[in-house]
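A, B and C label the chains in the order they appear, each numbered from 1.
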Amino acid sequence: MIRFEQVGKTWRDGSAALEAVDGEVRRGEVVALCGPSGAGKSTLLRTVNRLVEVDRGRVVLDGTDVRRLRLDRLRRRVGFVFQSIDLFRHLSAVDNVALILRRAGGLSRGESRQRAELWLDRVGMADRAGSLPAALSGGQQQRVAIARAMCLDPEVLLLDEPTSALDPELVTGVRTLLRDLAARGTTMIVVTHEAGFARGVADRLWQVTNGRLVADRPAREAAA
Amino acid sequence: MKTSLAIAALFLAFLPAAASADQLDDVKAKGELVCGTIGTVPIFSFQSPTDRQTVGYDIDICNAVAAQLKVKPSLKLVSGPARIPELTQNRYDIIVSTLGWTKERAAQVDYSDVYWVSNQYVAVRSDSGVGTLAALSGRKLSAQSASTSALAAKAALPDSELLTFEDVPQSFLAVQQGKTVGIVLSELMLERYRAETAGKPGAITILREKPLMIEYDGIGVRKGEVRLLQAVNDALHAIEASGELDRIFDRWLGKDSEFKLTRGFKVAPIPQT
Amino acid sequence: MIDILSDHWLILLIGQYPHGPLGGLAMTVIMAVTSLALALPLALAIAVARTEGTPRIARAAQIFVDLVRAIPLLMFVFWVYFAAPVLLGRPIGGVATMIAALVIYESSYLSEIVRAGIEAIPDGQIEAARSLGLRRWPILSRVVLPQALQASAPSLIVQLNSTVKETSLAFVISAPELTFSATQINAVLMTRPLKVFALLAAVYFCLCGSLSLAAGLMETQFRRRRAN
């Protein structure tokens, strides 16, 4: 599904963020990306939807180098959820999702709205569809953000520390949602610091240190 | 603000005039003579409070000249500083707007024969203690901006500081409020103000020592429009000969008005000094 | 003051119309509202050019803004009135000139307000929009500009008020409006400019106050519609 081939990235200031990363995520697999802060986890994730362009090697999505895909098409195939929960502040929950369905997915206004409501229902947010982000808790916002990233049925969902900005009591809802998505066969790469989550949901565990993928093992094994 | 307007006006004086065929032919063809007038000058060009029409001595002159040319009169209100640029740009046909003769203006427009003569005087607040022109040295005077009064003040009283205002009532207000010690204005309007304020706290005294300037008002015509200028002059002489000028004069300035003046001037070329 | 108002309210309201051009309060409102309505889209375009344009376009937009802001409005109005006919080959009327001058002037001021609004949008909003597959134009029109406008709404209302006051310069180019009406009343009354101008100030105060109120109501209405 996604293959990293000798991926390297050096910033303009000369510091290296990624160094010869090799790895593969298969369809339906959930990979937990672990490692200390500053190791290069976010950077690696961002090479997939080309928020970061690689300098060396390549990232392959379903057999095609991502650089050969049109940017907006690539990004419709790759869902992305940020740690910082960037719901559009001026739009209600349902409009956040509907905007993407309509303007990126090309659906009609009515259809966008319908599918948006459906997705909010799936993430358990149907009753807050009309609320502005500011009126929602962090956990609720993150669930809407996941619905927004999933609404165009991407082939893979990338999540960058989806729960680390949340208060502990709000984490559970998001975690349950991700477990559901995983159970339904969604391909995911999740950057996470939670050992429990990595063990409970992930199939594989990638350890990133100093821009290198230093370990790739089954999640169950890591738990043992 | 004032300075930038002055700079703009100066700059505009050098803009090329809009080219056109003979202005007199244009006027006849349109069947309309458009007179530019300020619209905020008491007695000469102001709004009749009852029906909101522009009326006054200048307006009657415009009407009479148009009648002589056998065309309809029409008015366009214009600000003082824009009077000459608007004429130069052909936005109307003639200026009938207490346009006193000055050398600078005469370089930009042609003047008809004189149709009103006024003396510019200084008036001060009666309680100011100022009694002579010499005592005005170093003091502040007010006048309407871009007016003949302002020019007269600058020329005759260079040692006074001149503050200019948008219109005459504001210039007068400055005196009443003590922002300036006196106002430079035509004798006629000073008389009116003197009468209006007599016996009240802001009463004024006209310094009759000597006029700062004798102002000859003519109708302004675009430079080079020889035939239109001739037609306007012919019209002025015709209304003088027919007695219409006297009727107009009496209505606004003479025996039928509050001023009871007698017409001391003849329609004649303006002395070019 | 009441007597001035009762004698002259009509000229304050509509100028000399129908014995002359429409003027007074009516013309002030027409000029202010029209010029702002036209200036706002232009301001958006300038702000976008400055924040999203290629370096060359951004630079051109910045030069335009700096240039306009360096010129006093009065001089600008006068200049447009007398220079435009030379460039265009035919005279333009005072009202059209005033509106054109205000549109250019206000668009450059408004663009700074909108630009501040755009720059205040967190990077994450744009990054999220890009990650979700939105292209340049929808990001601009659906994510950036609505937020920028919402953030700058209070400043835009302030600008509406200053535009109302700026229309008072129109009389120098023979476009009659509220201040000119007051000047005309002054010429009739001669010795009461203080009262006339107090009246004028009161009318401007009420006008600006009610415009602010109306704009404020529109804004809360807008927010409320969004919030549920």
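By definition in this document, contacts are C-beta pairs under 8 Å (C-beta built on N, C-alpha and C of every residue); 3 or more make two chains touch, one makes a residue touch a chain.
Here is each chain with its UniProt name: A = Amino acid ABC transporter ATP-binding protein; B = Transporter substrate-binding domain-containing protein; C = Amino acid ABC transporter permease.
Keep in mind that what you see is a predicted model, and the values were worked out from it rather than measured.
Participant: Tell me the shape of the graph of touching chains, choosing from line, ring, star, complete and other.
Facilitator: Contact map by chain: line.
Participant: Could you find the two chains linked by the most C-beta contact pairs?
Facilitator: B-C
Participant: Calculate how many whole Å lie between the centre of chain B and the centre of chain C, each centre taken as the average of the chain's C-alpha atoms.
Facilitator: Each chain reduced to its C-alpha mean, chain B and chain C end up 34 Å apart.
Participant: Between chain A and chain B, what is the separation of their C-alpha centroids in Å?
Facilitator: Result: the chain centres lie 79 Å from each other.
Participant: Taking the mean of the CA coordinates per chain, how far is chain A from chain C in Å?
Facilitator: Their C-alpha centroids are separated by 45 Å.
Participant: Across the complex, what residues on chain A touch chain C?
Facilitator: 49, 51, 72-73, 75-76, 78-80, 82, 84, 86-92, 99-100, 103-105, 130-132, 135, 145, 148-149, 152
Participant: How about chain C: which of its residues touch chain B in the complex?
Facilitator: 7-8, 10-11, 15-16, 19-20, 72, 74-75, 78-79, 81-83, 85-86, 91, 171-174, 176, 180, 183-194, 196
Participant: Touching residues of chain C toward chain A in the complex: what are they?
Facilitator: 122, 124-125, 127-135, 138, 142-143, 146-147, 150, 226-228
Participant: Any idea which chain B residues touch chain C in the complex?
Facilitator: 1, 4-5, 7-9, 11-12, 15-16, 18, 39-42, 46-47, 49, 51-54, 75-79, 81-82, 85-86, 89-91, 166-170, 172-173, 192-193, 196-197
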